[in-house]
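Only one structure is covered here, and it is reproduced in the block below.
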């Protein structure tokens, strides 16, 4: 399961990301993320606290740029191009908050037909018509449940 | 200047993309796009009709997948990962209509600080607050002018 | 530690790759490889038999293309471009036998200053002068020891 | 046609690369290269002197890192991963001299079945048996002719 979110996040969003990571780990899911700080680090911290494992797919070419809660660091050297790899590595994506990098991950997942669950994240519309492809969750627990259900249903 | 838009587009959107490509070429701008059909092909067709040059940055690894109006085809073999390269190759991006691939290009451009002009394309908001980073245009001509102005102002 | 080698390998080379994977696992090293069959699968099989963990960095975009002994599959969708990622993920590279894909991985590792240990693999020369950058090993055990020593010395 | 060679080259090798670029342009071929200095710049300079066009596929994400003789700069942000794109963009590859980056391009081209012509470049062997896949040229003129013939024969 991929957890995507911004490197610079509010305390509320960091807490949500950590709870998402924890919830996934408790349910036995591997947490894949972009490997850096902010929401990515919070999700990894939560996953480790929940007894799970974490993969960080990094933009740079050095493993040492991974946050301290990443078990397997994959330095790609692709910059933001690594966002496509984060999304490909998962059966579903949970987006927590998010800046433009997160929006690109949401878009790439929807493009690939991978379910996206959103918590405090982007809303999309096109020429005035809302796009309802992002599955909405109101709590971290609900995000975890909906993502697991969506991944199972593929 | 990058023109991004869907491979599968309505006649109205194809016409808009062609006019954007034509307008850019007449103003002396190189047109960079994803190299395939639909809005990408329309933009290239317009650019060639306007006497300009076109670059197609392709998702696959074969030059022959480029549309017939691409002068320089760059097969990347990166799949949707090539979207990051389309955006990097330009001083500004014009998004015409758009599906999720186009949304990823808008997001990557905004992430990189590259100006994005939108014509019949996505609207973004986050937790109920609209994001106004996409410069709106109502006509192809306005899109060309705003993109050239934004690129010049960087 | 990355183990690189061909998807189509002789029984001798497969056995060597399996012993390399086993030796690395016994010594506590994570085995990173290209995730497909042949020497890659043999190295992963050896690593699992030795109680270790394995990462497969795949050329395609589907996790299911990984061999059965890969613990963490990272589908990249980059084709042979993923070879750069295999090399970046490791402190040293062991090349077992090898076709042209393996040669590209050797070259990328040497380019990045990452030590390369070779077992039954390519020999390089330029304008008649041998290049001795590949550290030669005659047995799988020697390859493991030299790679661990080279990685520790970085 | 791709011309690959090192960023840091001797005067003899730079002269050879420039003559290769010039010869290709005179014969009407587009010159694709890695876009930086050294042999890449020399090949582009030769091509422009011969009235041709040049494409530079850059490792970084800024067009301004291209040498002054690049007509179309494609910033990839892929680092050495861009070597795979240089090779994919051509029907044949001419390798002039070369360090490890060039060796990776030779290997990726041979892997893809793209003909490689070598001038003052790497020689390969495996377990003592020479590999004769690189088509040898003794002069820039011969390199151009052999590459054009090989590309035509695909």
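Note that the chains take the letters A, B, C and D in the order they are written out, and that residue 1 is the start of every chain.
Going forward, contacts are C-beta pairs under 8 Å (C-beta built on N, C-alpha and C of every residue); 3 or more make two chains touch, one makes a residue touch a chain.
As the structure is a computational prediction, the values presented were derived from the model and not from experiment.
Here A-D and A-C are compared, and the pair linked by more C-beta contacts is A-C. The equivalent interface to A-B, defined as the listed pair sharing over half of its contact pairs by residue number with it, is C-D out of B-D, C-D or B-C. Separation between the centroids of chain A and chain C, computed from CA atoms only, is 30 Å. Annotation: 40 Å between the Cα-based centres of chain A and chain D.
In chain A, 61, 77-81, 84-85, 112 are the positions where the chain touches two or more neighbouring chains simultaneously.
Contacts from chain A toward chain C in the complex involve residues 30, 55, 57, 61, 63, 72-77, 84-85, 88-89, 112. By the touch criterion stated above, chain A contacts chain D in their complex at residues 61, 77-81. Across the interface of their complex, chain D is touched by residues 78-81, 83-85, 97-101, 103-104, 106-108, 110-112, 120-128 of chain C.
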